[in-house]
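Note that chain A is present in both complexes that follow, paired respectively with chain B and with chain C.
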Partner chain A sequence: MIRRHYQPAGLFTRSSSLLASSLGMIAIVLLYLPIAGLALLSFSAQPLRGIPWPFTFEWYGALVAGETASKWISPLLTSISIGILVSIASTATALLIGRAVPTLRRSTGLLVAYLCVIVLPGILVGVAVLLFYRVLLGLTTGFWSVFLVHFIWALPFSLLCILIVTLRFDRRLLDAAEDLGASKFRQFIDIELPLLMPGVMASLFFSFLLSFNELPRTLYARGSVVTLPYYVWTASSSHSSQVSLIYALSSIIMVLSFLVTLVAMRILNKRE
Partner chain B sequence: MEGTPAICAESARSPILQLGGVWHSYGAVTVLHNISLHVERGEFLTLLGPSGSGKSTLLRIIAGLENPQKVAMMLLDGMDITWAPANERNVSTVFQHFALFPHMSVGENVEYSLKLRRIPAPERRRRAESMLSLVRLTGKYDRRIYQLSGGERQRVALARSLVMGPDILLLDEPLGALDERLRLDMQRELIELRRATGVTFILVTHSQEEAVSMSDRIALMRAGTIEQLGSPNDLFSRPQTEFAARFMGFENVMHGILRAKRGDLAEVDVGGATLLGRMVSKSAAMNPGDRVFAAIRAEHVEVDCQRTGNSVTAVRGDPIYKGRYYDIPFSTQLGTLIARFGELPVNLACKTNITFSPERCVVGVLGPEGIH
Partner chain C sequence: MSVIVLDKDAAVSHLQRRPRVSLERGAIILVTALWVLGALMPILALFVISVLRAKGLSFDFSLTLQAYRDVLVDFRLEIILRTLRVVAVVTLIEFLLGYPFAIWLAKGIRSGLAKSIILVLLVVPFFLSPAARTIVWRSILGNDGLINNLLLSVGLVDTPVSWLLFSEFAVHLGLIGPYFPSMVWPIFISVSLIDDELIKASRDLGATGLQTLWYVVTPLAVPGIVAGFLFTAIPMLGDNVASTLLGGGRVALIAESFDDLIRAMNFTGAAALGAILVVAVIATALIIRWVLVHLDRNNGHRLKVMSS
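Let's turn to the complex of A and B:
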């Protein structure tokens, strides 16, 4: 990767660059202040009073202790497995669609249709799916209906990730590969896939996270399935003793997500 | 191909590529009209023609990257390849835009066709290195594509296409993207490369200079047909049609009526004046009274030399400086004639006589499109 140092130019004069970077700093603070507060409170003996002291590992200990652990580990596993399935399914589908789009004559309307789903309110989609599938088609809600709403939710984002690379892809390279003796399959494996890989990785990563964090659609589609966001939501809105545990659990999930992001960024950046 | 023993000897002499009756169209537009072409083994053939004449399309059809709409015959090394897909034809293409794989190193690019043919890695490497040294890129095996200059990319593309030992190497305007100097160097290198490898080359270009200096034969293309096929000298000094004459760089082209034939020479009436020229169309095909063209190169038009051959009175126009020479337009009874001078002639009178030899002036019949 070639890094350049850019001189300020055009709109970006020295003072406006200063403004931009201070706004950037404010945004970072706004983003991370509540999260840092939460992490801090997870070590507090009385988190509900909002005071970080006295300091304790009590909640972390309770989390892994037998009785409580069984409550959140199964939602975590459910969320991870749905996340992985959604990630693979939406990336594969997006790859199929995204490879076809550049060869279509009129693709704008189609793209708008795919991407519009992003702006629909999540609750609405959840209710619609519930009504349509359960009331109209008589299907039972459960693991696969959650998978379905998550898939619908993640697909447009996957498609965006994939389109960025497929629209830029030079199809003449496939002619060259074929000319050198490559079958359609080898053309895809040797030439197309490696060049589309940044988009594929981004799609896998984002669709997993979208599914992993999804709540509003899950509320209606879940049947009796408990996902991690649903568990955290119910636990934190009840007046049970578990509320304190949620601080610790959220902190752990946060750190893990952060690590996953870091690894994903590494992989994405490595390929030019 | 009747007797069995004759087949071997026959195939060694038979053309490497035989095309017959090739038609192609994109939608409603027909871009190739009934093309027939035989290419000899080890030949350097150039497809020459203006933009949009169908050169690239013909090349893509030979490579198998495009399916012709209709075809009577398509033999590569005596085998029918009409329905063979591109990856099963032993021909390879150097594209105008190079089409190097950006995610592979120079070496990986060159080796790709060998990898597809399951050749073991050490052997691949050896052949790639030797091909790279043939195109003068020794030691660039591990380079990334974006680290190369345009000329180097060109040579990687050449090495990548040659390493698989193709029956025919197709080159689609390979020198178009290079600067003048590099283009001349690469022209020479291509000729050397052809000699070193013995591979049949088919080159596409729209530069008549490139075609004349590199090829064994030239096929001049025009709007999806082959206008004239012959040696560089044939095309350069005996263009059969007005289009060929103009495309091969005859600066002065006149229209007239054939008055009489005298052996090889024709007497042509141009705007009331008579000139003598050499007939390039078959003598039998030309009859007195026919509409004909007469063409003469600017360097063969001279001022006032003994008044032999064709001679007309002329009024001088303003010289145009062209770097290595000057072009001077003269108004004559034959129309405006351009004459070329190495140096600006001194004391050139405003009104003078210009002459050109009948041997240098070509006369041929006008096609239907030249008549109106």
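Let's turn to the complex of A and C:
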């Protein structure tokens, strides 16, 4: 057999390799075309017609000037504060559970209980929270219920980030520290936490982003709270002139989210 | 061998010398109890709420199946069936695009840099706003959008092609991109775990690439394929972005039904629809699992027949 005609693992010929990669590229183009288009059209004078010219900064200017600014600043602050709270809460919870999992004899049940919500359609979680707390228990939904649904969304991802590092952590290091006279608290702060840090940081970033960009759950659990994605959603489902501004606003959020994701992935991939 | 014994000793000494901190254990139990009560309970409560009799804005605590009758009326049943059809078609498309691609990404790609870039491209979308990346399709597909502008200026059509936007076509197109990573990731991971030696051995014994794919790679990738179908199809059942922004009210999916029911304050109806969705989620999971386990058994059988 002539080996140089196929790939390292010997599964692909040149043509099948081309076929497989182009099939995937179709989907990646469908995924990134709207993202690139959004950024491109945000500089266009007529974004709704899909024509990237003539070039203008008009929408970005309108975002920071005058009337419109007051409309998205307050949703932005709401989203940031909920995002920070969710990020801290879900990382702390994930740290608590994730540290315990390697030491437990049977952890499957615990993991299933925390991770099963990952596959539930977002809208279902939102509706369930609305019906249970608002309708059945009669509580007023608002900031806390938005926090709750975002927490439900972010926790499984945080837990996965933390598990990546805790499952690699060598617990004998703690025994060594104990032999050398370190207290439980010092063992955690000086030995365990620094080694778990990549997972903790990634969890903080990822859960913030998940909360910050969350829409379907928020739609139902929000009460009268307006988050940034909800504002974008209402403005973009309407046919108002607002839509052009939304392109600019979404582009900024998108670029920032992209950068934060890259940073978080970089941290998670860093080997200690 | 001695290393393993040493590890065992260490583990034993660790169990003996480090009794679990009871405070920490208590915290875990408390947090888990709160999680079950606060997060999982509302979902199970859908079943309870769905059989209560609505009485104004509250409930009369007697049982009835009226809510299910409200939900399973003609037009809403049609919406449920349409949702199932759209989700099945898009999931299948994702699989056809994603399966060869995931295998290529795990075993075929030569450049490490290209691989890293593609993997990053497949992670980032999870953290982007779903609405923001869907609205732009309206500028591309709309009546005075990019494609129609191009077609008109070239002279291929005289009037704008209207079925591009606010149609089932647009909804399918809008769903393919966002759900692609959830299909690729699990398959990529399970194929990456396959030992290269198995594939090389299969090729050395004279199997073609396709035979190796069918008899060696696919049976071993079954767990990833199952996970891929689950992670793609189930969240898609509740997608509200593509159908609202690109269906324009003509391609209502389950998500719009929730909207209607809650706006009409038909809470028991919304709960019934939610309960049906939970059952659909569990049933989808079980069916996909059953089909693939069955397939796996057949493959295993074939493998045995071939080797004997």
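Quick note on the criterion: the second predicted complex is superposed on the first by the 231 of 272 C-alpha atoms of A that agree within 3 Å, B and C clash if a C-alpha of one lies under 4 Å from a C-alpha of the other, contacts with A are read in each partner's own complex, and residues count from 1 in each chain.
By our rule, a contact is a pair of C-beta atoms (placed from the backbone, for glycine too) under 8 Å apart; a residue touches a chain by one contact, two chains touch by 3 or more.
Only a predicted model underlies this, so the values are computations on that prediction, with no experimental measurement involved.
When the two complexes are overlaid on their common chain A, residue A:14 makes contact with neither chain B nor chain C. Looking at the shared chain after the overlay, A:178 reaches both chain B and chain C.
When the shared chain is aligned, no partner comes close enough to touch A:106: not chain B, not chain C.
Taking chain B and chain C in turn and counting the residues of chain A each one touches, the greater count comes from C.
Applying the stated contact rule after C-alpha superposition, one finds that A:186 touches chain B and leaves chain C untouched. In the superposition on chain A, contact is made by A:195 with chain B only, not with chain C.
Counting contacts by the rule stated earlier, residues 172, 175, 178 of chain A appear in both its interface with chain B and its interface with chain C.
Taken together, the chain B residues at the contact with chain A in this complex read 63-65, 85-88, 91-93, 95, 97, 99-103, 112-113, 116-117, 160-161, 164.
Against chain C, in their complex, chain A makes its touches with residues 1, 6-13, 16-17, 19-21, 23-24, 26-28, 30-35, 37-38, 41, 47-51, 93, 96-97, 100, 103, 110, 113-114, 116-125, 127-133, 135-136, 138, 148, 151-152, 155, 171-172, 174-175, 178, 184, 206, 209-210, 213, 215-216, 219-220, 229, 232-233, 236-237, 243, 246-247, 250, 253-254, 257-258, 260-262, 265. Chain A contributes residues 170, 172-173, 175-183, 186, 190-191, 194-195 to its touches with chain B in the complex.
Looking at the complex, you find that chain C touches chain A at residues 10, 13-14, 17-18, 20-21, 24-25, 27-28, 31-32, 35-36, 38-43, 45-46, 49, 57-59, 94, 96-98, 100-105, 107-110, 118, 120-140, 142, 144-147, 149, 173, 176-178, 180-181, 184, 196, 199-200, 203-204, 209, 212-213, 217, 230-231, 234-241, 244-245, 254-255, 258, 262, 267, 270-271, 274, 277-278, 281, 285.
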